[in-house]
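Chain IDs A, B, C, D and E follow the sequence of writing; residue 1 opens each chain.
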Amino acid sequence: MPWLTILMAVPVVGAVLVALTPKGNDKLAKQLTLAVSVVVLALTIAMAVQFSPKGNRFQFVETYEWIPRFGVHYGVGVDGIALVLIALSAVLVPIVVLASWHDADSPNAKRSVKTYFSLLLVLEAMMIGVFAATDIFLFYVFFEAMLIPMYFMIGSYGGAQRSYAAVKFLLYSLFGGLLMLVAVIGLYAIAGKNTFMFPELIGAIQDPTTQKWLFAGFFFAFAVKAPLWPFHTWLPDAAAQAPAGAAVLLVGVLDKVGTYGMLRFCLELFPDASKFFTPLVIVLSVVGIIYGAIVAIGQTDMKRLIAYTSISHFGFIALGVFAMTNDAGAGATLYMVNHGFSTGALFLIAGFLIARRGSPYIEDYGGVQKVTPKLAGVFLIAGLSGLALPGLSSFVSEFMVLIGTAERYMVPAIIAATGVVLAAIYILWMYQRVAGGPTAESVKGFKDLNGRELWVVAPLVALIIGLGFYPKPLLDVINPAVDHTLVSVQVEKFTPAIAEKGAGQ
Amino acid sequence: MTTEYLVLSALLFAIGALGVLIRRNAIVVFMCVELMLNACNLAFVTFARMHGNLDGQIIAFFVMVVAAAEVVVGLAIIVTIFRTRRSASVDDANLLKY
Amino acid sequence: MNGIQAPTIEYGTLAPMLVIFGAAIIGVLVEAFAPRYLRKSIHVPLTLLSTAGAFVLVIFQVIGGVPTTAAAMGAIAVDGPALFFWGVILVLSFVSVLLVIDDDHFVASAAAVPGSAAEEEAEIAGGAHTEVYPLIMFAVGGMLLFASSNDLLVMFVGLEVMSLPLYLLCGLARRRRLLSQEASMKYFLLGAFSSAFFLYGMAFVYGFAGSVDLAKINAALGTVGGLDTVLLIGLALLGVGLLFKIGAAPFQAWKPDVYQGAPTPVTALMASGTLVAAFGAVLRVFWVALGNLDWDWRPVMWGVAILTMIVGAILAITQTDIKRMLAYSSIAHAGFLLIGVIATSPDAEGNAASLSAIMFYLLVYGITTVGAFAVVTMVRDAGGEATHLSRWAGLGRRSPMLAGVFAFFLLAFAGIPLTSGFFGKYAVFLAAVANGATPLVIVGVVSSAIAAFFYVRVIVLMFFSEPAADGPTIAVPTAATAAVITLAAAVTVVLGVFPQPVLDLADKAASALFIR
Amino acid sequence: MDLYVPILVLAIVAGGFALFSVAIAPFTGPKRWNRAKLDAYECGIEPTPQPVGGGRFPLKYMITAMLFIVFDIEIIFLYPWAVSFDMLGVFGLVEMVLFIVTVLVAYAYVWRRKGLDWD
Amino acid sequence: MSLPVLAVDPTLADFGKDPLWITIIKAVGVFAFLMLGILFGVWYERKLISRMQNRYGPNRAGKFGLLQSVADGIKMGLKEDLFPNTVDKALYLLAPVIMVIPAFLAFSITPFGPMVNMFGVQTPLQLVDLPVAVLFMLAMGAVSVYGVILAGWSSRSPYALLGGLRSAAQVVSYEIAMSLSFVAVFLFAGTLSTSEIVSAQAAGGALEIGALSIPMPSWYVILLLPSFLIYVVCAFGEAARIPFDLPEGEGELVGGFQTEYSSSLKFALIMMGEYLHTFTASAMAVTLFLGGWRAPWPISLWDGANTGYWPVLWFLVKFVLVFSAVIWTRASLPRVRYDQLMALGWKVLIPLNLAWIMLVAVVKLMRTGDGSIDKTPVMVVGAIVIVGAFAVWWRFDTVNQRRKDAEKARVAAEFEQLANEPTAGGFPVPPLDLPHYHGAERKEVPSGTN
């Protein structure tokens, strides 16, 4: 059964159907979208169940010739890393649909509701596609094409500065993507294998200088996408201006493509260059961790603040990827998932607050917990997950990253660990200002979470807590894939330091 | 012997080109273009003599035809714009700018 | 004197071109003899059918086997690339003609002074100049000739047959007559200037080689010594003439003015068909005639290509008129195409790859361009087309379909994946990297990114801005215009997803390279 | 080149004569100033002021000039064709018929569009 | 040098070999011939036309008034040389020069005779011949047009300007038809060189009537009569002779382009130029169509007729006869209207000419082409073209005629209406007391005190 193709086709068909719903019947469009996204989630789960961690590296593989002239294939398949990221997308989309129920019909929306949801489904298909692609060209196609629905979602449905933010987002990503295109072309031309299939291209480039140049092309694109310091400046704008749902997908999934790409393509295709550039990347990551955290502290806008925390978190992920140890790699992958959930939850809750008060600024709030205890409660849980409190999901991953890094690079690991402290400051201070203290006048009329909103946050909170205590299912899937990656990179293996290490060993 | 003709043709061509660049009246500009075409003809005929074949002379015929066609089209355009603007100065035609 | 052999002409091989010229001549006869009210209804089917017929003839030739020797005593080379270019030009002119059908674009009486009673009278009498159709046919015939000439003289004739009708067509816009006439005059003066350069270059190349036949010139490169200066002067001047036609910097100045002033359907034809034909000629001159000299011209062309891409992309940003912006975009695209021209390789296979990439690019760019200009024709206000960018604000609100299609075309120009433009660019870049022009590709990519900025700006304007209260109306498209937009969008999508068949075709056409 | 020497000689003779005539004229005749004599002649009425820089050519003569160019060019091609007609044979005839027919098409167009009407 | 071989038809190869002194003799000879020709021609024209009009013509100066032209010339030289104050001086002076020099040069390619022994040098009796001789003649005719236009333009006077333009338009229009009428000749002769065209007309076939063999002169006037007729008509137009003398049309344009050239030597130059055009046209008629210097049939039976200096006589006889025909026409026909003139040139002569050329080409091809040529398609195509051309032309003409009739009727109706109602704006004669008719006071040399 062509699972992955079906996974992509269902949202696309759904998007078309949504776009064709009669005008004025917004509710039908929303329900249809929700139904489609739930179907996708169900399909994803059905597929994930069949995934065998001990089986071939890539499973559910489909390969068809697409453009023989360029050696391009329609090649999809997942390993553990891709699988969990696809699952992340599939989980987040229904939640985002629910959360965005009224986003598009707010007064500053410029376009129809059904367009928003249609774009959302298109985006979902592309997110699945980008993780599933085993053909580098196909990956690039999804990588770039993904920008367009996101661009329209930010530009049409975002906040006051939306068009500026949307353009900035698009141009940054596009520019990065174009440099990657050069590298992709170079890879194809220099490898001379007349194929873009990822497995066949591993080890195709031996010349160190060439590797470095191509690595630079790929890495730049991923660094912009991730975003790594100093290529991050688009993210706060985009995330702050995007509607909450779009911001969740942007930070939760889209940006993961960057770190995913580093892990999958940069490392495996250009192992020597990766080792060569590792110090640089680690420096960037560490700077990003600290910088993101410090700047986050100074933010007055909730969404911007969350965006800066993400920059800090992406520093961790990149650090984990380039530490090139099994723990760090697995941790980074896990972090991608967890970060998706926790930051997603933060954005959504910030969105709920903003929907109530109409202002993203922290100073406009105060004493929320007294008025709306449930809202404040989930806010706190999400926040704590963001600062990696033990027992919540992020902790496991952050810890694995730090341990894994420390195995090899002690000093950066220690510096990065200070990021955890800073995280506590920015999260808790924000919580204190928003939820604690005397109740502000404007907050008085707030209603607590309604049924829909509860349905939105409940799964997220459940996942955050559940994965915090029992990440094994995910790690079981992730570990073999990370091992495989590191074997390709040919780094010497380190002994496992964590008990949760996959049972397969 | 033929070099002098080439020099002459180059001179004519340069005068024409310079005229196109510095003159402001559309008709004068246009006549300078025609001068350039005729410089080409001279060069063709000279080279034809140099090579001892007739190609260059035949080409000169074609160039004359083209020049004539250009005259017809060009004057039509210039006259039309002149009737509209009562001026044939290139500078006056300045609606299109970057 | 007695050595004259009666020449031969392969009428069968040249049939597509002859059909077009024949239709043009019949068109003139229709102008002469048919009563005024009948003319348009004769012209439209005549033009469309002959274009389609010529296209069918091209297909027959492709099926029946591509000729391997030049036709008409070596003057015209109907080889694989030429047939491909012919096909593309014919398709593009067919769709451009569909745009022309809408009378609203063309002046009722070109000779009438704008604002005069005569003009008003002509307007009231209705209709437009039906001479447009034969003129277009002549221009198309010229394009076919230009792209397939195997001889500099024929190339020059083709150039003029193509350009002269276009000079006139530029001045026929119904609205903004002054602008249109000015465009016409500028195009004419600069075009004539550049063709003089081409001609002088041709004279010098002839002086060097003793022949204007491309193959003989190439042969002479190896055998004739001592005339290097003559050759280099000729080469430079020829280059100026050709680069002018494709609008490469620093000879790009005419493009924005002309594109803006000309009636939009004519702009569509110029931006698509002329570019294709001009690149056909550029390739023939630089690859066939001067192929052995690539060490001399390549550095210069590098500079030109870089300058063209950068100038096109950067100046486009400052534009406030949609047609001017598309003109600068066309300049930038010419730069990308030049990368392909430069990407020659010592072996035939590499050259074939570059050639095929250029041909594919031209096809997809041409179709998208026609589509984009078709959209431009539909956004109108009281003064005709509303081309100022500020008038496009909020178009996405007013007419989501149209704006969406236009945005899609812009994304194709920007080279976003899943549009045909992406594969066009990709093919050219791939060929360039394979043939060692990677730095050019990087410049190309950077300018693509710059170019993306102004495409995106238009999208922002259309979708994210408030529509003006008195904004332009969207004309109800004529069936033809709708068909053009639909076709262009469909091609852009289909070739963006599944380009293989067309790539195969281009490969096949390019595989044998140019015959000499 | 020698072929043109006689023409040059004749040109010198004729030119000398013509220039001499023009140059001698002011000295052989009388001089009597009269304003009317020096006015442009307009059947005795006050002359119409002419614009600075010379008169302008009526436009309709342009069409004649253009037509002349077109046909003159046609003749350029007819002459060599006629001279080498015997060598070109049927091909020459067919091509020239095509050429003339093409020119006649344009001619018919001009005729129908009243380009050949004078008054 | 071997024995002088006379009666050899000169070919192109015989030219360009003369020593300079021979060349000068010839050039001066041609010049003198033309100057004398003008003097004689003017007298001859006036005399002949007078006789046709039943009067005497010039008869005071010299015997039979023979010196009349000389007297006229002297008179012109002694007239006041006016410089109207508006003219563009340089061009005004140069225009007559520009007109007259090419007129002389156009005559230079006229062949007067065969190879002769001139002061011991073997040389053709012709100033020069070129591979493109006829083209050269046409070119010189065209250059003269510059003189006409410049004369009209530099005068800065409406009449002159209009006259110059009209004249130029007329001359160039007829030049086309004239050039076309030569094409048939070149088709037959296969050359543009005048001397070779003359030789080509030498070999006539022989008409066999029973035992009698009458050699036919293969003059092109017989073979190509339509071409000749068209040429003659065009020659009148080109030389601006009555009935086509509109450039000077005294009745319409005062004096045409020469209005501002009062009767001084400049005027004389212009007149000379025009006269020379008539001479050239006549000489070309003789050369291209009437066998050139060759003796006509009965005389040509005499072996010596085409040798030595005799041919000059035959040439002159033919020349004078043709010139007389020109004068005869002048005496017989009225001047045509301008639109008629142009319509004749453009709508009749040119299409007729083209059709005729095609016909000649087809016939020639059928006659000379080898047997391999399938004649049917050629004939069919030719027939279609000819019939088509005639059909189109005929259709046009009727359409034009109908339109003109309608227009005439309309104008007549309008006049009718206006005539009946003088106040309607059309016909009241402008009041006579308009200041325009009086002008400023003048105090100058009165007329008639010259």
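Definition applied: contacts are C-beta pairs under 8 Å (C-beta built on N, C-alpha and C of every residue); 3 or more make two chains touch, one makes a residue touch a chain.
Labels paired with UniProt names: A = NADH-quinone oxidoreductase subunit M; B = NADH-quinone oxidoreductase subunit K; C = NADH-quinone oxidoreductase subunit N; D = NADH-quinone oxidoreductase subunit A; E = NADH-quinone oxidoreductase subunit H.
All figures in this text were calculated on a predicted structure; none of them were measured in a lab.
Counting hops only between chains that touch, subunit B reaches subunit E in a minimum of 2. Steps from subunit B to subunit C, minimised over paths through touching chains, total 1.
The chain with its CA mean position farthest from that of subunit B is A. Contact counts per chain pair peak at D-E.
Summarising the inter-chain layout, the chain whose CA centre lies farthest from the centre of subunit E is A. The most central chain, judged by the distance from its Cα centroid to the centroid of all protein Cα atoms shown, is C.
Annotation: 14 Å between the Cα-based centres of subunit D and subunit E. Centre-to-centre, using mean CA coordinates, subunit A is 82 Å away from subunit D. Subunit A and subunit E have centres, each the mean of its CA atoms, that are 94 Å apart. Taking each chain's centre as the mean of its C-alpha atoms, subunit C lies 39 Å from subunit D.
None of the residues of subunit A touches two or more other chains. In subunit D, the positions touching at least two other chains are 72, 84, 89-90, 108, 111-112.
Taken together, the chains touch in the following pairs: A-C, B-C, B-D, C-D, D-E.
Only residues 15-18, 20, 23-24, 26-28, 30-31, 77-86, 88, 93, 96-97, 100-101, 104-105, 108, 127-130, 135, 153, 155-162, 165, 168-169, 172-173, 175-176, 179-180, 182-184, 186-187, 190-192, 254, 259-260, 262, 264-266, 268-269, 338-339, 342-343, 346-347, 350-351, 354, 357-358, 361-362, 364-365, 368-369, 373, 378, 381-382, 385, 389, 392, 396, 436-437, 439-440, 442, 444-445, 449-450 of subunit E touch subunit D when the two sit together in their complex.
On the side of subunit D, the complex with subunit C involves touching residues 84, 87-92, 95, 102, 105-106, 108-109, 111-113. Across the complex, subunit D is touched by residues 61, 64-65, 68, 71-72, 75-76, 79 of subunit B.
Interface residues of subunit C facing subunit D in the complex, by the touch rule stated above, are 1-2, 4, 6-9, 25, 28-29, 31-33.
Of all the residues in subunit D, the ones that touch subunit B in their complex are 59, 62, 66, 69-70, 72-73, 76-77.
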